[in-house]
Amino acid sequence: MIENSQENQNLISANRILARENVVDAFGHVSIRNSENSERYIMSRSRSPELVEFSDLLEFSLEGVALDAKGQAMYGERMIHGAIYEARPEVNAVVHNHSLAVLPFCLTKTALKPAIHVAAVIGQEIPIWDIRDHFGDTDMLVRTMEQGRKMTAAMGSNNCLLMRGHGAVVAGRNVKEAVMTAVYLQVNATVQTEAMKMGDPVYLSAGEIELLTEVQFSDLAMDRAWEYFCVRAGVESM
Amino acid sequence: MIENSQENQNLISANRILARENVVDAFGHVSIRNSENSERYIMSRSRSPELVEFSDLLEFSLEGVALDAKGQAMYGERMIHGAIYEARPEVNAVVHNHSLAVLPFCLTKTALKPAIHVAAVIGQEIPIWDIRDHFGDTDMLVRTMEQGRKMTAAMGSNNCLLMRGHGAVVAGRNVKEAVMTAVYLQVNATVQTEAMKMGDPVYLSAGEIELLTEVQFSDLAMDRAWEYFCVRAGVESM
Amino acid sequence: MIENSQENQNLISANRILARENVVDAFGHVSIRNSENSERYIMSRSRSPELVEFSDLLEFSLEGVALDAKGQAMYGERMIHGAIYEARPEVNAVVHNHSLAVLPFCLTKTALKPAIHVAAVIGQEIPIWDIRDHFGDTDMLVRTMEQGRKMTAAMGSNNCLLMRGHGAVVAGRNVKEAVMTAVYLQVNATVQTEAMKMGDPVYLSAGEIELLTEVQFSDLAMDRAWEYFCVRAGVESM
Amino acid sequence: MIENSQENQNLISANRILARENVVDAFGHVSIRNSENSERYIMSRSRSPELVEFSDLLEFSLEGVALDAKGQAMYGERMIHGAIYEARPEVNAVVHNHSLAVLPFCLTKTALKPAIHVAAVIGQEIPIWDIRDHFGDTDMLVRTMEQGRKMTAAMGSNNCLLMRGHGAVVAGRNVKEAVMTAVYLQVNATVQTEAMKMGDPVYLSAGEIELLTEVQFSDLAMDRAWEYFCVRAGVESM
């Protein structure tokens, strides 16, 4: 049974926020690791994030087996989440999305890099991973743990990964950090796209990224942003 | 008389969804083949899709003659629909639109091609048809069965066709598939437009398109998307 | 006194529609010629179009003198309207706006030309006029009849004029035509802007423009569009 | 104690307007100088502008010390405001924002310059300041008076300043002027960005800028714009 905890309520909020900010549309999903059992994660049944409610939450083993599927359909790409939780103990929340602003960077060799200070949290390196390199022609979905593990290996210890022709994966220490990172990945992509047309953008330095990441993940910045995101998404801020 | 069936209710939903997702504006239309009589199709009287109600539905012969026009004005371009139903028995729904994201591809030689996995359903080839090539200077509307048949011939067995300086035609096996294809045609156009400015985009392979089309038209993906589209459009999901 | 006629109600609707469709923002205005007295025109007091109500309407001589200003401030640029009504008896409605999509064409030599069929009504030629050429450094506003007449001369018999660094002027035979032309001027600008980045767009031919203008100004198209615009703007459609 | 004056109510309105017009998002802030004590300024506690209420207002010394912090968190970058008030007696309102349209100009050498008449108020010169030039790798936030003073020196007597990789600072003689300047800085950036892709834009001349600034800051223009902004933001217009 899924507990009615603040963590799980925040997961509902995360779904709604990502929809409100246009990071996800009909597709995309967000999960959290179960804080009581690090070998489990919690995620909605197969439903668009904008519509997810508490009763939609399911619990999964890291291999993607639902403890009780309640007869519901499950996201086909839940292995993205389990593979990351398996490999990275510091990660407790994962977002997968097809943001329209990010997608152009998934089709070309152009590197998406932090250029604006609020987006430092996306990290200095954002690798691109192409499922075709390992598995040839597929339906491009990360459907097996083998695929998820290859993807996770390409992601390394970075906060973000781009998937060729597909979208982004974002990992965070908690769900608020993962949401903020996913939102500002999109914002940075929007700004960088236009700046590149004007000339060679100046990107953040390694030192700036490090110092700013701490600032953007501080309570001062996070509380302000989370309240704002919640109000806009029509959910209670906690 | 138009039956109050789920199919016809879905046609109303399709109208509202296409408006909500900005695929159509004041103009554009969507039809379904009558499942009881394959020589008939159902479509609104001349009205903007955002406003279409059940009482606006009319039934047409494939040649575009209304069985009972109820004294209402009819879409001038209904021959687009009839000509496709006539030639393609597998098609049971047609959308015609002037999506702002798609239109730039209707003005130049730049090919619109599936680049992102959710848009595989638009198909590997999207021909462009220019009414001027066959009929010289016209008002560019597909007003006669002769024009509709020329257009249908250019479309071949593809899911989508672009019309020079005009818009897009989308065909589906059912109205949900046609709506999803029309929405992601627009999404793909948006993403491809920006990606092309960054370099040469990697497009989906023929194998990926085939495998993904099956996935995107599966119940798992379609149910999720249809519920999402309906909620956003303020119509009941069925 | 301003009559509570359908024409004047349509002028209110026109204000709200142009705001809803983002053709105008805080600034911009729309007027109609008084159908009872061709030497008079009707326009709001100085107020943003989104907020205009019946009680805001004032009547002006063609020289821009209010018959009864009711102690209200007036638009500084009303001479745009009077000068056009003075020179062009076929014009009964004028829109002035600063549409963000149109403005880039007001800063460069790039010609804005009808490329999509719904926008044929903008006309084959859209001149650019620069107040600086005649009057040197000014506040760029058309404040005097002398300025308005120079502008009108540059406009010739065209439906649209662009003003360098400033915006657009649209003339119509009635307020519905003027609104539709202003909306699709913006739509065409949006599409043409992106198409030009892909290559050389194919524009509508002179014959297409002529045939399509008739179609787009027909009752069939106009009634559909006007109902749609009114519903979106939250005003009654008449 | 913060007085319930019209000035302070306008500061609340300014917060909401800047959010409604997408000039600020979760981050960004606006302040006014206390008209009763020029050595004090008033600004919200650390909260997103969209959510700011009267009870959130705090009063600060020019050095950024809260007279009574009410136990609340404060904006980390309040030194931006104090440093400007300290150096420029004519300035009574300051906006700091990360507008997405403006940010590309903060990443490249491309000058943002007034090109459209409503944006003349942004001023003839908009310097870019890079905190890295003076302070090396930092978290990029203006946290100390020393940093604020360096920034203010770079701004000179201009209305706007761009901060590399960060955003914009706007100063006004009163809060309405500061809001209008911040909004049209964003509008000008949007238009200039597209115009530059078409060719070399014609910018406003020095004479036009001077004459237009007076016009745009006149009661006629300001009253119209302020009413419009307030209605859209859902606040009372005063």
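Each chain gets a letter, A, B, C and D, in the order it is written, and its residues are counted from 1.
Here, contacts are C-beta pairs under 8 Å (C-beta built on N, C-alpha and C of every residue); 3 or more make two chains touch, one makes a residue touch a chain.
Values in this document were obtained by computation on a predicted structure and should not be read as measured data.
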Interface numbering overlap (same over half, different under half) for subunit A and subunit D: different
Rounded to the nearest Å, the gap between Cα centres of subunit A and subunit C is 46
Distance from the CA centroid of subunit A to that of subunit B, rounded to the nearest Å? 32
Please set out, as single numbers or ranges, the residues of subunit A touching at least two other chains. 197
Touch graph across the chains, line, ring, star, complete or other? ring
Pairs of chains in contact (touch as defined earlier), listed by label: A-B, A-D, B-C, C-D
Quick one: in the complex, what on subunit D touches subunit A? 25-27, 46-48, 50-51, 73, 76, 98, 100, 103-110, 130, 132, 136-141, 164-167, 193, 196-197
Which part of subunit D faces subunit C closely enough to touch in the complex? 115-118, 187, 190-192, 194-195, 197-208, 211-212, 214-215, 219-221, 223-225, 227-229, 231-232
